[in-house]
Amino acid sequence: MYSITVRDHMMIAHSFRGDVFGPAQRLHGATFVVDATFRRGELDADGIVVDIGAATQELSGVLGDLNYRNLDDEPAFAGINTSTEMLARVVADRLAERVHAGALGEGARGLEAISVTLHESHVAWASYERRL
Amino acid sequence: MYSITVRDHMMIAHSFRGDVFGPAQRLHGATFVVDATFRRGELDADGIVVDIGAATQELSGVLGDLNYRNLDDEPAFAGINTSTEMLARVVADRLAERVHAGALGEGARGLEAISVTLHESHVAWASYERRL
Amino acid sequence: MYSITVRDHMMIAHSFRGDVFGPAQRLHGATFVVDATFRRGELDADGIVVDIGAATQELSGVLGDLNYRNLDDEPAFAGINTSTEMLARVVADRLAERVHAGALGEGARGLEAISVTLHESHVAWASYERRL
Amino acid sequence: MYSITVRDHMMIAHSFRGDVFGPAQRLHGATFVVDATFRRGELDADGIVVDIGAATQELSGVLGDLNYRNLDDEPAFAGINTSTEMLARVVADRLAERVHAGALGEGARGLEAISVTLHESHVAWASYERRL
Amino acid sequence: MYSITVRDHMMIAHSFRGDVFGPAQRLHGATFVVDATFRRGELDADGIVVDIGAATQELSGVLGDLNYRNLDDEPAFAGINTSTEMLARVVADRLAERVHAGALGEGARGLEAISVTLHESHVAWASYERRL
Amino acid sequence: MYSITVRDHMMIAHSFRGDVFGPAQRLHGATFVVDATFRRGELDADGIVVDIGAATQELSGVLGDLNYRNLDDEPAFAGINTSTEMLARVVADRLAERVHAGALGEGARGLEAISVTLHESHVAWASYERRL
């Protein structure tokens, strides 16, 4: 099994609902350093998983819709805790939509899975992995 | 599949028995930077894998029983080489006991697996993964 | 010249005023991974710059007053852009106050300088250095 | 499941063929920071996956055959794009040959899988995983 | 003293002349992860050293003139060993030209020094620092 | 001012004397990831600060005299707390001796300063800088 991973980041504000979150129930924020991994069993005709430049561009596009925003004000997240693991899924699902829409090229049709890791600090991170 | 990972560290002395270990048969030591990963298929009612604060606290508790010690003197490790991979299992098993005892809360009952990575330097690390 | 550095982090929300900031004029947030460095010409009687445990505790205390907050609502920052470099100074100055108040012990009276670096992402960080 | 990972690096020149590569069709180069992971279900008689020193030496041997070279001139890669993911496979396969030839010792016969990650920068890396 | 640092990278081929370089006399390559630091005594009217976005853009411009190239073919480097430390100076000098030309804005006139670090691997890097 | 830095590591046991050290008064250990930096105002005739390969070799030699040892048993450290900052000085001084003895070659006579950083964990490190 082959994979490639590209890294970018976003800087957002949000708050959580639920006693378990303690002081994180207050409005605060995070830099998420985001790693997006694309997996497949065999390389494409160019000898790659997917073009690293194209993957970087699509990840940047997905993050651009979230970056420099207060997620508490985003209709897409109404009633949802935008935890690090939940946002990992959001990024993975939006990348999957772009793969299916052909944004990563015809060769990317052979991709089998995507996993996304969001690093919220040097001591905590979360991931979500899904099939394509 | 979702996961969250938290990082902490411990500083221990130990020695190894066996020719394969060469100079590491002498009493020496290590800083282990420890990453503990918790996995599950679905998020809990709060939209998380497990509370990152609680996971950090339990990892700190497990490492606190090993930290600033000479592992050669610990009865739990009599006759055992405390290799990096063996210690990864020890930390994972002790975290699993805490999960089963409810230390990470009721929501943590949905956890499916734990993996633990111990970094012994910038160029070597070891992991152990187990079901819960 | 000797130094020791300790690392911690904080997660805050804020916004900037000024066209130069572009989309960062919106309410957003950041994780700041914070490195605090203490410098002196000679070691103290225990053979250290300052106790790493005490330095870690004081840095945690300084960051605790900022962590999980919207800095736009903090009276201390009224009318100020809480840029990464400005916050590096705030953390350095507050650590200096603690040194002068004796919070790091009598040995810490020999400290000559403090520098603080705030990492806002894997590709950008800012520092402030001052005398004690 | 246990694993150990060792890290080394190599510095090579190469070029790619195919429009998808854009400016990387020109002769350029890369530092690949290489992580080689060895996996097995149970530890050997010494309580390890495989000796970290031996693993480091064999990885260094494999990279030594590629290091400080222009891969466009290597017969082994004639007609092949030496993409990061393709080179991850080359390193993994060559390590597997060494395991099978006994270079990592008799205990290494219990190894079940190898994965190799090549970091081409701080924002992009590729992996290949195979059975032994 | 305040500073901000931004990070980017470039991937180049080159070779060295001189027995001291051993196998690096052959055509090979490197990824250089490049950190550019800008320093000044006082912040500008916006409360910053220089805009991180503008600094990132100018660093990208400087690296774009070197990226994906064989430096042995670049007239600017004829007769020069493009060592990591030499390239750190090249990048710093070209950034300084851009500052003097106003590319980082009027506020950047207050910059006092630039330092540039090129990481050639996880175990070696080089820096050059100069006044503005 | 130019510099180059090379990284290696050592794994040692030791204990501290003094109430300030708390549980670190017990026999424990550390991995020290060691960065050695060499500085000079002008490059040598080969266009370098000092050969990175030679610097790596000499750093390895210095660390080899400390690696896999219990520092409490080393006569050189009798009556001394082998704190991270103290060991940074030991490594720097021993590297300086090697420079003065010609181990880094004639070109290295132009070196002006050495600084050494020992990382004891991902959240704490210490440095010592000296003239040559």
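Which chain is which? They are A, B, C, D, E and F, in the order written, and residues in each are numbered from 1.
The rule is simple: contacts are C-beta pairs under 8 Å (C-beta built on N, C-alpha and C of every residue); 3 or more make two chains touch, one makes a residue touch a chain.
Remember, predicted model here, so these are calculated numbers, not experimental data.
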item	value
D-E against B-D, pair bridged by the larger set of C-beta contacts	D-E
Relative to subunit E, chain with the most remote C-alpha centre	B
Whole-Å separation of chain centres (CA-atom averages), subunit A against subunit D	27
Computed distance of Cα centres, subunit C from subunit B, in Å	30
Set of subunit B residues in contact with two or more other chains	7, 120, 122-123
Complex contact set, residues of subunit E against subunit C	1-8, 43, 46-49, 51-54, 56, 105, 107
Partner subunit F, residues of subunit B touching it in the complex	7, 9, 11-14, 23-24, 26-33, 67-70, 120-123
Residue ranges of subunit F in contact with subunit C within the complex	18, 20-22, 80-81, 83-86, 88-89, 120, 122-129
